[in-house]
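Two complexes, one shared chain (chain A), two partners (chain B, chain C).
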Partner chain A sequence: MKLTGINRNYYGYFFIAPFIIGFLVFGLYPVYNTLALSFTDYTLMSRGGSFIGLRNFQVLFADELFVKAIKNTWLIWMLNFIPQIGAALLLSAWFTSVRLKIKAVGVWRAIFYLPNLIIPAVVAALFNSLFAFYGPVNQFMVRAGFLPEAMHFLQNANIARGIVVFIQWWMWFGQTIIIVMAGMTSIPVHLYEAAMVDGASASQMFRRITLPLLKPILIYIFVTSLVGGMQMFEIPYLLTDGRGAPSNSIMTNNILMYMKFASSKGHIGAASAVGVLVFLMTTISALSIFFFMRDRDDSSVDKTARKWFSKKNKS
Partner chain B sequence: MLNKYKFQTNLMRTVVYIVLVLLVIITIVPIWLLLVNATRSTTEIQQGLSMFPSTHLVDNYNILISKGINIPRGFANSLFVAVASTIITVYFSMLTAYGIVVYEFKGRRFFSNFIVVLVMIPMQLTIIGFFQYMSRLGLTDNYASLILPLIANAGGVFFGKQYLESMVIQDLIDAARIDGASELHIFHNIMMPLAVPGAATLGIFAFVGSWNNFFNAFILITSIEKYTLPMVVKTLRGDVYRTEYGAIYLGLAITVVPVIILYVVFSRYIISGIAMGAIKE
Partner chain C sequence: MRKSFLSLLSLLMIASMLLAACGTGATTPVAEEPGSEATEEAPSSGGAEEPAAGKRVLNVWAFTNEIRTMAIAFEARYPDVDVVYTMIPMTDGEYQTKLKASIGTADAPDVVALEAAFVKEWVEADFLADLNDLLPLTEELKTYPAVVQVGSHEGVTKAYSYQATPGAFFYRRSIAQECLGTDAPEEVQAMVADMDKFVETAAKIQECNADYFTVGTSAELFNPFLANRAQPWIVDGELVIDPMVVEYIQFAKLMRDNGYESQAQQWTEGWFAGMNDTLVGADGTPKKVFSYFLPTWGLPYVLIPNSTSDTTDTGGDWAMINGPLAYQWGGTWVGAMDGSPNIDLAKEFITFVALDEENLTNWATGVYTNEYLKAIDPTTPDDQAQAAGDFVSSQVVVEKITSTFDGSALYEWLGGQNNYEAFGEAAPRVNGALLTGSDDAIQRALESQRDQYLNGEIDEATMWSQWLDLVRSEFPDLVIPEPPTN
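Right after this comes the complex of A and B.
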């Protein structure tokens, strides 16, 4: 007995309706509202404001602090993302290696993921204590002879930035390993077996089989990490004074937005302008990475495999 | 030849294990120091580094609460928000995902792609517009402003879709329809019980996401009685505690211990769930 005659497909609309309503009310309208506010001089104090066109944006572009925040955010994100993806690829290759047969892979991975579960605000406060003048890092460095005397790590621009980069890496490399490894284990073993028969080396197999087939996963990690990185807040905010000190070296987009919002008058028009610009920058970057790096044709396993074998046969 | 291969493999394996042990040290030491220092007095902490617990846990706790911080209340607030957020996220994400997976309505593909695009959009950056809108509705300083937006949680729908695609059985739905079950009844009483493992995994992530969320609560919640745990932690960074290192470490450690316990119990689900959200089978 076939039921396809009864069409209940329109029920789909009922099932997705709550999402759509929720999105319009709590997602899309705030986007519009932020955009609208960014063209006004609205403050929390005045509870009102008038349309001032693009002046908020002009002020921002002329503001060195804004430019610095954008640069910092990109720099901090890139400096933690590259070692993060590097560590993930290397460790995943080790964990899935038939030759090495690493033991207790699940336990290693579970440990590496742990920092990701701790409240970021706690992580920031913790590293503030660890790197304090009387903190454990100074005690260790001095006693081990790496430093002649204790130093103010968090008052040095480069060191403070380095600590933020390290914390971001520390919190996220475990998760990246898990995702990359899941991608690697979903690659059919017979591809490697066939390549091995043809005498391919480990590095050839990595470059010709593993990397191309991992591409969708790598794009996913790239995009989600970028979107998260552009909104980085807690770690730099709670590591030092919440104003990007020392010398604005860890001032990020969201800290600047928050500072405008929490300024004595509460310039939410100006804060919205920061939000709008960073929103546009991030969305355009993320979507273009997603659409341009993704293969136009469906890069199925067999297709990639065929390409690799035909190349082999030609040579 | 074979011996040489074996030797190289063993050598490489040794190098790998050394690197792994180093990485474990890097991962664990900050957390270990946090737990250890929570039991040491401020004087001990200032005198030197130690990897072993001391006896000042109770003293630190007394100092911690004597300065007016209310960690149990922060805990209760965070727990309430996280549980409510989890229920809303899981139910509505599964509902939406089920709609996409089971029904071939017009615009399904578009909607499905739209969800993927939404995952990549930094919604947190519209917090200012959201705040001003909530304050017009009188919903600032109200947990509803943290919880209700999760009705439309794109990441949750994406995960739910990946999961349901691998398990929805059309025959079961058809059989239930013959028995005269309504569509919503099929979702609630037939599909949801089957989808419990996926829903649980999604629930863990929703819970952790809400538990760890600082930025939204920081902007939307203003009265101290309503502070969630990350906001309470922020007050630990204030002047009142400037020199009370032991108490600060303890305050931070109290928030970490339950998470570690939960993780030991649920790590299997958490780790398989991370991969599930990212990989299209």
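Right after this comes the complex of A and C.
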């Protein structure tokens, strides 16, 4: 290639500039500002506000509700994530299986993805009226003889939590299927063919070929779902009274943050302190996922497969 | 690359802490003197409509289109004024958030409408102008004391209202006839004159027909009980658990345990179904609800629209009385932003809206029809109008116009009763001094615990302690008393 006198190297910076500027203004600055605000007692409804050091954090750690919100958020997230990834792996394995050859995969995938297109407010309102005291679930259960009389489903802590877990699972497993399937279809068919020739069973192929090669995709799903799960808000907020009822069983980090903001004249300082701690917790958890799921050297079969795969990709 | 990014990040962190340490509020964007910018800059349009040239401009923000009617009428009286009206819906708190965010910016309105749920928060804060000089007008018009009390804080009145919202007790005449032997309002009022008599009557109705519920839900009585406390929720930085609060919980438990309430949650389908006789138990048996606790606006906006279904119509079968407890519920107040460059005009507008006999009379008697408004401003939307019947805040006006409602559609709907007269009796008895800006959070926290307790999920002691934990979490500086014991 012939070199001209002009150095074109810096053109790249122009191309990435919009993102960098957008990130600095809408990503980094809010994080920085939240951190700064968390050391103040600034509220929207009064003039001024002052630096109060770690007082907001002190109050927060003494607050039993904060501990409860963190426990709830983790519990609800894990209870929905495990079945979500399980269902996604199983259905994707079936959909991409060369043996089963399921028809109209695209249609199924679209159907499973549909719940994700409904806005959370509508979903929450729907489940709220389904499980109301005079709602259809009670009518069905009583008339079919499963329940002696109507009950308040959303007054029971475990049932309310279960409904949130179900909604989260139902709304998001379709999305996970799409990503997992994309990962699975990118695994070369030769590997499965070779394994079949060697007499491998379906479960062996899944454990020794599919799972190891899918690891980067799984880490991605794991981390994005964790970040989303820690910020869970709409469904638990709109399903009951917006304050984690019954008995704070569906109070999540973000509901607590919103409550700190909404009451006490819009106490931004206290709400920011919650935000900062949730940010730290999410960051540490995400980094540990990367750490514990990083590639370690071992001598199992999947290593050979991976090597072969990466070589193939490079060429 | 990564190293330099990390060092940049740590630098930012250190910088932020330094800034936060010595800034004492200066780091926060809105902490400057509010209004200072607004005075320098020309009034902004607010984004709703373009202000007309050569006229004085007044920016009004509201959460419904109700006050727009009065804004148009105001322009008829002051032809040199252009009211720029901005409507922002209250859905998910959008209005409140936008209003808070506008403080101290050039976009801040001159006049703001404030709903009962958050008017006190604003009246207690520093951003509304002192409107004490309009107080003499309230004496002239005999504005109901509760209306002024809600708009005042520590001797300064900052907001006025064109409505009063006394609560009432609406009951089904047919059920009263069947179970109580009479449907005459005076006689039924005597049967529910206090809470003990109310419970006796509830027992009578259940005995008469087990599928009749006295109320939709005991939650409807939370407001009435709270309105009859001796002290507000917060006194000198301490939470006060008034005996009425404890009494209410016991009452609600009694209603639930004896099956006097339908258990439908307020504002859900089941609760509305009771209004038009389509309530059906889970096993398929039809149920009826005897009464509803609703305020002035509950009649035209809640009860009447829900009294018909595809197959049923309960219109004409209702009557209204004061019920066991005097209370008020809801309402819209108007205030002026402190530091508004148009403060004098804003005061004129507030006077017109809330403290003007002619306007209040027109408002309540249905003068402001769509044609009337179109004659003033041809661009008025087709659905902009005010039907007769809203209960106004001035006793002088109420007394003058009460008789005009005899024989109206509402009169027929209530089986031949003048609702204006009944509200007029209830309004002076209401106490508005109990409201504080923190009520909403404290009450909603108790409501969710109450429902748990009523349903037998938790015991009474747990209910009180969980509620106090919630209050403590939201108001860390509040002194929390010991939970009540029986």
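Of note:
Throughout what follows, the second predicted complex is superposed on the first by the 284 of 315 C-alpha atoms of A that agree within 3 Å, B and C clash if a C-alpha of one lies under 4 Å from a C-alpha of the other, contacts with A are read in each partner's own complex, and residues count from 1 in each chain.
Throughout what follows, a contact is a pair of C-beta atoms (placed from the backbone, for glycine too) under 8 Å apart; a residue touches a chain by one contact, two chains touch by 3 or more.
Predicted, not measured: the structure shown is a model, and the values here were computed from it.
After superposition onto chain A, partners chain B and chain C are found to clash with each other.
In the superposition on chain A, contact of A:N156 is made with chain C only, not with chain B.
Shared-chain residue A:V189: touches no atom of chain B or chain C.
After overlaying the two complexes on the shared chain, residue contacts for A:V197 are found with neither chain B nor chain C. In the superposition on chain A, contact of A:V98 is made with neither chain B nor chain C. Of the two partner chains placed by superposition, only chain C is touched by A:D63; chain B is not. In the superposition on chain A, contact is made by A:F15 with chain B only, not with chain C. With both structures placed on the common chain, the touch criterion links A:Y42 to chain B and to chain C.
When the two structures are aligned on the shared chain, A:S247 is found in touch with chain C, with no touch to chain B. Taking chain B and chain C in turn and counting the residues of chain A each one touches, the greater count comes from B.
Of the two partner chains placed by the overlay, chain B and chain C both lie in contact with A:Y134.
Note: residues 32, 35-37, 42, 128-129, 132, 134, 139, 143, 268 of chain A belong to the chain B contact set and to the chain C contact set alike, using the contact criterion stated above. Partner chain B is touched in their complex by these residues of chain A: 1, 3, 6, 8-16, 18-23, 26-27, 29-37, 42, 87, 91, 94, 99-102, 106, 108-115, 117-122, 125-130, 132, 134, 136, 139-140, 143, 170, 174-175, 178-179, 181-183, 186, 216-217, 220-221, 223-224, 227, 230-231, 233-234, 238, 253-254, 257-258, 261, 268, 271-272, 275-276, 278-279, 282-283, 286-287, 290.
Contacts from chain A toward chain C in the complex involve residues 28, 32, 35-37, 39-40, 42, 44-51, 59, 63-66, 128-129, 132-135, 138-139, 141-143, 147, 149-150, 152, 155-157, 240-241, 243-248, 256, 259-260, 262-266, 268, 270. In the complex of the two chains, the chain B residues touching chain A come out as 9, 12-13, 16-17, 20, 23-24, 26-28, 30-31, 33-34, 37, 45-46, 48-49, 92, 95-96, 98-100, 102-105, 108, 111, 117-133, 148-149, 151-152, 157, 174, 177-178, 183-184, 187, 208, 211-212, 214-215, 218-219, 229-231, 233-234, 236-237, 245, 248-249, 252, 255-256, 259-260, 263, 267, 270-271, 274-275, 278-281. On the side of chain C, the complex with chain A involves touching residues 12-13, 16-17, 19-25, 27-28, 30-31, 34, 93, 100-101, 103, 121-122, 125-127, 262-265, 268-270, 273, 279-284, 437-438, 440-441, 444-445, 447-449, 451-452, 455, 457-458, 466, 469-470, 472-476.
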